[in-house]
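Two complexes are shown next, each including chain A; its partner changes from chain B in the first to chain C in the second.
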Partner chain A sequence: MNTLLNQSFSAATAGVSLLNDALRLQGIPAQAVDWTPPLGGKDLHDVMADSRRSAANELALAKMLSSGALLVDVKPASEALNLGRGEFLHAGPPIEWARASGPMRGALIAAMLFEKMAGSAHEAEQILEKNGVALEPCHHRGAVGPMAGVVTPSMWMFELLDPSTGNKSWCSLNEGLGKVLRYGAYSPEVIERLDWMRDVLGPLLQLGVRAREEHIDVRAIISQMIQMGDEGHNRNRAGTLMFLRDLLPFMIEGGSSTDVARAARFVGGNDHFFLNLVMPACKLQTRAAENIPGSSIVTVMARNGTDFGIQTSGTGDEWFIGPAQTPHGLYLGNYTAEDANPDIGDSAITETAGIGGFSMAAAPAIVRFIGGSVPDALATTRRMYEICEGENPTFGIPVLEFRGAPTGIDVTRVLRTGILPQINTGMAGKIAGTGQVGAGLVTPPMEAFTAAIAGLARRVI
Partner chain B sequence: MNTLLNQSFSAATAGVSLLNDALRLQGIPAQAVDWTPPLGGKDLHDVMADSRRSAANELALAKMLSSGALLVDVKPASEALNLGRGEFLHAGPPIEWARASGPMRGALIAAMLFEKMAGSAHEAEQILEKNGVALEPCHHRGAVGPMAGVVTPSMWMFELLDPSTGNKSWCSLNEGLGKVLRYGAYSPEVIERLDWMRDVLGPLLQLGVRAREEHIDVRAIISQMIQMGDEGHNRNRAGTLMFLRDLLPFMIEGGSSTDVARAARFVGGNDHFFLNLVMPACKLQTRAAENIPGSSIVTVMARNGTDFGIQTSGTGDEWFIGPAQTPHGLYLGNYTAEDANPDIGDSAITETAGIGGFSMAAAPAIVRFIGGSVPDALATTRRMYEICEGENPTFGIPVLEFRGAPTGIDVTRVLRTGILPQINTGMAGKIAGTGQVGAGLVTPPMEAFTAAIAGLARRVI
Partner chain C sequence: MKRIEIRPGFYRDSVSLMQVSQRAGVGVDGALVAMATPLNRELAEQMGFTLPTTSANDLIIAIDAPNEESLTRAFAVVEEVLEEQLRKSREQASDSGVAAARTLGRTHGASVALISVPGEFAFIDAVDALENNMNVMIFSDNVTVEDEILLKEMAKNRDLLVMGPDCGTAIIGGVGLGFANVVSPGKVGIIAASGTGAQHLTTLLDHAGVGVSHCIGLGGRDLSSAVAGRSAKQALDLLAADVHTELIVFVSKPAAPEVAHALQEIANRMEKRVIFGLLGSTGSDITQTAEKVLDALGVTTRPWKEEVETASVVSGSLRGLFAGGTLCDEAMIIASKRTQSPIYSNIPLQEEWLLDPFEAAASHTFIDFGDDAMTVGRAHPMIDSKLRIERLAKEIADPTCGVILLDVVLGHGATATPGEELAATISTSTKPIYISLIGTTLDPQNFDRQKALLTKAGASVFMSNAYATHAALDALGVLR
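Let's look at the complex of A and B:
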């Protein structure tokens, strides 16, 4: 001891500044290291010490990697999900009208008008205020919905099957950008478009899907689009085109040429159309990893515009909640950051499955839609590997020499590194009726992960 | 002088090893630099000293960058090019039957059968041997043809217009991969497909193109595909899908549903279909830069399977020729390097216009088709900037932070650096009738560039 203290020495310090300050005052060279203790405290310790965890997480990853996603049908939500009149689904964790944000309220109003449960927005609001409609998260039915994610019985749904588990997942048809229900708009053009989708587009897609002998393999298309500059959340351009290529010949053979031409223009004119197939494919991937005791892998990340909720494999369908953050990015027209609602939608299921914000290195051109720089996009994907259990070789990122997408967010890694999952997302106007105001980047609140680690700790045997 | 020699010194030597050896024998540290004198000798000196050159090359680049490419019509070559019975076009510089390679001969045989100018391959060969058909390069008519590039009067052609110059360019319709005329195959399936393309596909494409109010902007699609993992020579997947999206609704409205569905499957099933639109768009780009006195910018690179020919802006339509090299890459099925014919086709017009091999950084996934590694693909694009006059902001490469494609190959830079243009290409079997055997990488022969500098030197005032 004496020998050490009698020598001249230099020191590195970590944590609180007290020690560093004391050394420097005594003239001793001391370098402060940027370090903070991991969040999660004793809960994190208990989960890390859980002997089941390592094997459980490996199993969760393996199940994700071996999942599939075939488009098996297109049909109304009333048939697909047994959704009855007066039952609406929505994005994110559970919410009631009183706490709902502007875009969620706008979408619910649009849904009331579309279902002819109200004759005016005012009447719709009055019914919704009195909780005259049963609201339930999409995720509770195995479904997913972008942005407000409102699903009503008359909306047509894509039905996807994972042959590895027999699980199914569903998502409504994408309406395009701008003034649309999912961004909270409810003007007559919104309702007219939904009417056409119900009466023409849905039945035509059903006809095409049912006429094919082989199911469209949505996962295989995702694998291709990752090689074509799409990341599957805010770029779905190549995916949309491949979907059209695979389905349109069957629609041409079976439908009226006027209707098919209009449908082809509608789908082809909406680069995001395929998002509503990517999302249920990602849901099937994470669903395959659900309910593995001891696993700290995240299976759901979803937002309702007010709360951000996550679920983990080891904690089943329990929600862990924190406040939804407001994205930063690029704004449409004259909109500014002031106009943006906090984060909303089930589309973060893409990041939960390793694409979207996690695979932005595959889609450098996306920075022109969501902001940031190309090096940022590459750095983001590299950073996400630090919080993931593994990599998905099916989603190989060309510029990273086909390294697989970072897959299987591990709650313990998020807490130990302090790195939050990177989500890229559309931004809804915070006032009901506005529609989309931009697109950008956002992270979940850390509170959701500290709550999740507590939930996992409670279940340690 | 004495002062210098009396000091101790170290030396760097360049060129022949004599000086370096002598210094080392005298115990003086000497570092040999890897350097060879530029090729081209006095011709290069004379061209470099030409006072017109700098402004002429700037003008050539400016004209390339401001060129456009609109798809204005689809019609038979007999109408589009006034091609008469017994007149065939082919790829590359001029060639006669006696010196033609296997795939060129195979394609000419297929053309004779397709035009019903012969009842059998044997009869076709006999007629061709006696020069019973007038052969002329596509480039002599402002057209371009992939691989053998054989065009006959009954083949349908895309007709593209450059509004900046009023120039037009043409290319036949892409037949798909494998057993096809342009790779030298002439079996019944090849001719049957050509018959269907003449009778059904061509007229349907014409109907669609003529029904559109606005012309399809091929250059704008190229700009998009560069952001979607295509480089426009051996990857045209996104381009093909965007073309289908833009044209199909009009075909659906005007055509028989059975025919349109088959056409949609044919085009959608052939990721290279759009190559035959990229090529004439590139031809219009380089054609805009033709005939500028003093310019050393390359305006044509083309191969007929035997010779590789180039043309430069300052030398008009004079061909500068060297032997076509054999590509190296990946082979289909059981084929090997032994089966590959030397380089063939007008498709190197893509590299002449700055895409294809020059923009491989935009298409890292292409290494799985042509061989090499992802870092190679990025390094290739970076290397090509060294031999180009400038960059094309319309073709921004996302991973290089949207840096424009390297554009305007300067013969003097090729000779001064020793860097040859990098071309990626399909490989035809060297035996007539084989079809495609692979895809890979190739460069032009340096002889074409030394011949071109001599041609430019002769024209220095």
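Let's look at the complex of A and C:
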């Protein structure tokens, strides 16, 4: 029986502040909601009225929380993803050469040179202009790629398994910072590094991973790194070192000392190496929540440098698109805001899974690097709870008394509050070939969410 | 000289902005600080402003002042009051040390969610509150009947109660929600499909020394055929099980016959006595309902009977200007019965008596300023009396108007200074003005003080709306 008449009374109010004042004058605890008019019009109304939504979202969260991520293998994309010659994957929603941004074009040129499908950048451009290569989003194959996210058949991929669903996800090996393919650079040093990664690093990692008796539990490492000052998107230092700790003995046992030394130096010297394991782990988490009819939880946020696309659990693999925004933050060397390309990469999968920008409070050491302050970081994480279905106790944020990371972005809550997901990101130069120019903060365009609510409303039974 | 400023994406509720407009309006020719809704845009245009393209989430600050100095001063006042409101809300939020929740679903442990957002959005917040296990009171109007039914079905499945939409009043365990009077605790449980009806019944009982256990609001449409008393049935169950309640009273505008019948059936099976106070040609007025309750409890005092008025008869017709919809209805029913003439209104008793409330009166005319159509983009007349006072001045000047009838409703939520706001205009009247003053001595505005203010301004003041209406008709020489 409803206990309304015999419990101690307390209220929450939304709307006219006078009615909240009247309760306070009577000495009644009355929480006032900081309300703003929602976006999304009739579509939002219809989705709120969908009787499936509440339970569907709870289920989506539960599936995300019970997902796992084990590193089961390392192998070339041709084997892992059945990627054939002339097929490239890229970050974000689908895009063709004509609409591709500078860094996406640069990365595709680098890919052509790496795969020896062109002898020069010029020749590569000519082939790409004629759509001589089949392009497809990484997400369409269950994979993820940072920044330009370009994957070619010869690139080696981490292969992760979610034992709760049997799903697999893949991500290429991280090349380090500066002039690298994923930021759109295609100079000889870029290609030489990719060659070494193909010939030495990939096989060595495979050897180490296969030699271990137990699979490396990537999710467990993420859980620990969150408590060590990493947020899993722009800071992966602790995660990288723990990964190296777990793998290095097995690499030493099987590889040549020169190769292992170089590999260890490369991995240990690249704070972002583990990002490429965090990302597929996050993809497995959000993928576990895919295809639940009526659920308004976001399962993908991804950018191709031109468009920002999202997918939701209740709308399958349909993309909802808006223009990618340009991040605000700090710039390397002499670069300025003028040099930055709009937002790019599948790495926003980390925020989709509740870490990265959503867990900024866990990483005070990097908030200045992206142009923020520690109080900003705390406020950001607290704000993200407002748009999420729940919290992930596996990713406890120490400074918030180990409160779980805000998890399961709900399209209805984004539209109701006007709060957009906060993404930490690297910035690529907008001219092809430049590489990284800085790092900062960015949000998706609201259009992606209004489009998503329309997509959900169309599916209301 | 005129100056307009648009602040994109700056939201504040309409009542707060009205307070800003009022304070900025001192010493200038016009001040409008409001969200850029179509209605407010129109108001700004009427004031002679040219507006750029805006969205409903933008704030308009439009000031018309005699000179640069007063214009600058008015803008400074706007800034100051907006800042002051922000400070206040921050202080309230910091009670708990963190920023206020952005949706009802993210608040913690509330037993009731009180929703007063613009009606088109109220459904969304109500769903959120129900999904998070809160009972809901929807103060907002302009919610569709389909949405009301959906919400009430959802609530029933979760064993929760939805009061409203358009529920102005509730008292739960002595706590007043929305517009509610401060009444003593007691054993009468009230179920009300009418906010001002509930306020009137509770205050009459209070005047007679009888207290209230709870007053559960239903919203004005709950007893319609479509909604079919969904909340009323739950309310009956709740009060039947409540240890503090000995006697249950329904107060409502006319109910759909089959709904009234179904409720009567349920009541007949209950151990506790249920008194039905349903207005209508065959029903009883609120004062009569209060008297039935007092009879049932063996209480003999009837303080409203002592307020008798003997006035000389004037010519002209009756003009009723009401803040409370049920009070307006009740007065119209009495006037219609006694005059046997049409009573024109924006909420007419018969369709052919419909009148545009912004047009001049025709014969006996009653306007409900709290009607949905009159509160779009504007605060309720119990909070903002401006529109009603403008109309009062017009009626005073209208030679065809003989007698004026008003209600003044006190209590939580209502303006702090109702008497002060009306007194100046009332005192200019050569016509008799009758007022039903709905309130108690414990209300923040104080019944006795308000009665003294209004009486001093020249009005005849009654605690019973029915008695005030009868007195006004007596003054027109209408036979009893």
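By our rule, the second predicted complex is superposed on the first by the 425 of 461 C-alpha atoms of A that agree within 3 Å, B and C clash if a C-alpha of one lies under 4 Å from a C-alpha of the other, contacts with A are read in each partner's own complex, and residues count from 1 in each chain.
Note that contacts are C-beta pairs under 8 Å (C-beta built on N, C-alpha and C of every residue); 3 or more make two chains touch, one makes a residue touch a chain.
Everything numeric here is computed off the predicted structure, so don't read it as measured data.
Shared-chain residue A:A22: touches chain C; no touch with chain B.
With both structures placed on the common chain, the touch criterion links A:R265 to chain B but leaves chain C unconnected.
In the superposition on chain A, A:V374 makes contact with chain B only, not with chain C. In the superposition on chain A, contact of A:A134 is made with neither chain B nor chain C. In the overlay built on the shared chain, the residue A:E401 is in contact with chain B alone; chain C does not reach it.
Contacts of A:R237 after superposition: chain B is touched, whereas chain C is not reached. Within the superposed three-chain model, A:R413 lies in touch with chain C and out of touch with chain B [touch as defined at top]. Overlap of the chain B and chain C contact sets on chain A: empty, with no shared residue. Touching chain A in their complex are the following residues of chain B: 227-230, 237-238, 241-242, 244-246, 248-250, 252-253, 257-258, 260-262, 264-265, 268, 364-365, 373-375, 398-399, 401-402. Residues 9, 11, 13-16, 56-57, 85, 89, 92-93, 96, 98-104, 106-118, 121, 123-125, 127-129, 131, 134-135, 139-140, 147, 150, 154, 159-161, 172-173, 175-178, 214, 234, 237-239, 241-244, 379, 383, 412-413, 444 of chain C touch chain A in their complex.
If you check the complex, the residues on chain A that touch chain C are 1-20, 22-26, 28, 30-38, 44-45, 48-49, 51, 54, 379, 382-383, 385-386, 412-413, 416-419.
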